[in-house]
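Some structures are shown below for you to check.
Across the two complexes that follow, chain A remains constant while its partner is chain B and subsequently chain C.
The block that comes next holds the complex of A and B.
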């Protein structure tokens, strides 16, 4: 990740020092490039604010997300309820904050398991080992990639969810653990599992293509010659060289997973009530008559979701540019 | 190249079998016993066993799958559990036809508007309009389909009564001029779903065309064309456009995926009797055989289309070597 040497000017000294630093720490270089892009910084801020709101939801939310007040349902924004109330008189602001929490939990879980662990690991393994391992991983990947994502996710969640709920019910009956099914936590696992299952293929393909080039390089040969094991070479020599690609994948997957969770929940096969989700909020507001009478039911979650998706798209583009040296 | 295509074609049935088996096992994994649903009040074990055999639900999952494949290849996807007396085929295919029509029109619109937008953006490169166009398109892509539709219905159907609230009446209406000349015009039911389906798609097509066109603009033949005094519009249409179109074949697949996924929400919200609406209803009523058949058919179409796109692309652009890492 070297940068073409600039001409010697008054600032050249500073630039050179920065590049020396950057050569030691490429992440610094990446951050330096990214920091100059105003749009990217704005997008990053939006993502951080929404994710931060998700983390701090219990502290920030003025009400509980399940607290109903049927006498004050469907109210517009007021001093008591800054973003109004929904059909059951629940505070929209609190619902939005906790929905951001749901988005946070699902996206982070899927990125950790699907992208970072499954996709990254399988891509490294397939690219480095080659042979039948490569063929097997890539053919399985082909099958997953050729499946239409949304219908499959719907099918998977529609069939898995009741099963998982049954199991959870059994666990609750036979062990001291309780409150899992009544709180709807189980649905998080099916959503997250189904999304992880479909999100690894792109990452694995990308990493594999990069590793195919890397493994021909001398430093890998040297590592092999000195008796480095497969794991050692993968972790110590290949991983650091694909980490930039992983960053790109993470930003792309975060956005698409956030969108998928919302759409699945909208469809009724995602996160189950009473857990709040932007998908459920959008669903409640999506009738034409509802929109006419109470536009805030749709507009409040829509504004947050659209900002988040737009921010992810812009941030992904900027990261792409930064990684490619622009 | 022929070898590669043959290899891919040989893999096709394997992929299709894997896809259908995966879908099948997931669907069979669902809760509830379809046999006792079909039997209704009857609890006679003999009756249950007969229904089980009739529906191919006896034996191991592999035996069941083999029976299902045996029927499916002949177009028999079983009987709907939710709509008694109707075969899954009777239910699915008319709806699929509706979705296919809508999807095809949407595909044409995505490319028909996306390509000029991308070209325009490349042409305006260096001005503030270029990033503006792309940002607006990206913003439209960030808008979830389910957010776009209610305001559209409210404005055009409820508030102003220009367009119907929902439903479906074919793509074209016929206008008779003086009772003799037939002019096909788009059916008014088409507009709202079309807007909802195409808005997210423009960004992908336009950005790809833009990037390619920007590269083409630096080519020598463009400089020559300008040097010989061709007007800028003619340079764009005659020299840049044709050379920018090659890679868009690769995004046909992506665009179609977007349209198919969008159709689930568009059809559900607008009451269009297509495959998306059907899936929504089937999920609600837990009609697994319908979901299964839908998913398998859509998956088949996807697999075949991806292969077609790859072959067509290598055919129109001989520089592409098949079997190389896919363009990311």
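The block that comes next holds the complex of A and C.
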């Protein structure tokens, strides 16, 4: 009896300690909830593996993604080339690893700049300051929202790419920096710039709506009464209160940005060859005859893309539930 | 209500003016112009010939003059002529939009027929096998890009079934069956994606609504489950679903470009895409203006629908 009571007390203490920690650190609580969801953990693992492969691509890739061997083109999986080779005899495994790197660079850059910096900051500012600043930010948002997304992305990429190439060339000529053109930085920049321009509006609207409610609360009035500046209030008081929304938004945007990059490249206006992208790989492998003769050309990139997209969707769902305490 | 609509329409004017300036400038920033695009296949052309063609098309004038000229035309309903093939822009847009709209209507019908029942059942029977199947359906639809589903479908049809739908578009009143075959696959693919988004939204909205006091009251009165769900809960649960559907309608106009390309359908998205490739300024400007206006009107319509569904919402 006493043992059972002791166990109960120990458990209750552990729960209490956890709750105390959670009250101090809500992230711990969120992680605790998320950790219990097996599908979410599996999804997180898939995202981490694919992104990790992208980061470590130069170390992991057995060949360069541009190295051609025309005599060994269109080979199936073998000991030399684990995932086979493409039409030009390039190693598919290396192409996949570097494509993961492209997805990683574009998604992280767009989410950081478009969602986290631009969307978050403009939403906080519009909601808190109100007045003409709010009107201006929201009207600019209206303009971007009303533009047809895909055709505008195509137009923007067509407009930006030559200019970015020119600019990168200038930077290489006038500074010690080199290798920007050959590493494909210009086309990454273009895709990321165009996507970031459109990705901030949703986040800004969401954050603004939340801030409109928050700014009427007592703790904000108190901060204002004690002479807190706009930046101080936004940074110290509003930001922590919208951070969960930001997490949800980031998880939703990651998948759609990755999908957009792949789509744009598939369409021929995204990341330019020879830089590897899943979009280009899917395009190359998708003809009916090609698929019948060399199914690995399509199946390899498709399997990675599908797992990544599934993982993003499931992780987003689980995060949503965890934040809402379900 | 009338005043509210008027105010919203007036507010749309500055947005459209900024859109027009933006697209007018952007399309001119694309390197090359329509003359270069038109002559790219015809071999050597003298600089004088190039200059003459530019002057005939009026694209060598001061950009401000060009903008004012084009803008005043748009206000009068004259979107100008295509620089590429000399066709009137507005009638072509109307024709092309009909094709995109046909796909959109089929897609939305598919989505409504699948998503709302699925979302409702999934919410009412939360955590049952029906719920799991519905959620798997939704996650799959959200994860797979349109072009990927289209590619796989065509591969399946050609490799396994040895049959492919007829590519291209047929007028529904002349060749109704061919027309149906041409649009049904892109419509189902988009419809599947919509169903996924909407079913998820319906489920989540219904889960919230089913916990409301008035639903409990309705049950306490002894109403049948079906009446409570359909008459009491669904009506409120539909509001976020309509928002999602509305945003998808505006996406459809331009967003179909990929499927139109795969299935060789001459819709609005492809018209815009080809115009960007041809540097056909008037067409790009015209299509973007029309799509932006449709977006604004659809959003207004969605807001007005809220008031129809939920009498507590009033606009003044």
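To be clear about the criterion, the second predicted complex is superposed on the first by the 299 of 326 C-alpha atoms of A that agree within 3 Å, B and C clash if a C-alpha of one lies under 4 Å from a C-alpha of the other, contacts with A are read in each partner's own complex, and residues count from 1 in each chain.
One rule holds in what follows: a contact is a pair of C-beta atoms (placed from the backbone, for glycine too) under 8 Å apart; a residue touches a chain by one contact, two chains touch by 3 or more.
These figures come from a predicted structure and were not determined experimentally.
When both complexes are superposed on chain A, chain B and chain C clash.
When the two structures are aligned on the shared chain, A:268 is found in touch with chain B, with no touch to chain C. Look at A:209: by the touch rule set out above, it reaches chain B but stays clear of chain C.
By the touch criterion defined above, A:188 lies against neither chain B nor chain C after alignment on the C-alpha atoms of chain A. By the document's definition of touching, neither partner reaches A:98: not chain B, not chain C.
Taken together, the two complexes place residues 139, 142-143, 146-152, 154-156, 158-159, 162-163, 259, 262-263, 266-267, 282, 286, 288, 291-292, 298, 302, 305-306, 309-310, 312-314, 317 of chain A in contact with chain B and also with chain C. Interface residues of chain A, counted against chain C in their complex, comprise 139-140, 142-143, 145-152, 154-156, 158-159, 162-163, 255, 259, 262-263, 266-267, 282, 286, 288, 291-292, 298, 302, 305-306, 309-310, 312-314, 317.
Chain C meets chain A in the complex at residues 14-16, 18-19, 22-23, 26-27, 29-31, 135, 139-140, 142-145, 147-148, 151, 154-155, 158-159, 250-251, 253-255, 257-258, 261, 269, 272-273, 276, 284, 287-288, 291-292, 295-296.
Those residues of chain A lying in contact with chain B across their complex are 139, 142-143, 146-152, 154-156, 158-160, 162-163, 166, 205-206, 209, 212, 259, 262-263, 266-269, 282-283, 285-292, 298, 302, 305-306, 309-310, 312-314, 317. Of all the residues in chain B, the ones that touch chain A in their complex are 11, 15, 18-19, 22-23, 26-27, 29-32, 135, 138-139, 141-144, 146-147, 149-151, 153-154, 157-159, 165, 257, 260-261, 264-265, 268-269, 279-280, 283-284, 286, 288, 291-292, 294-295, 298-299, 302-303, 306, 325-326, 328.
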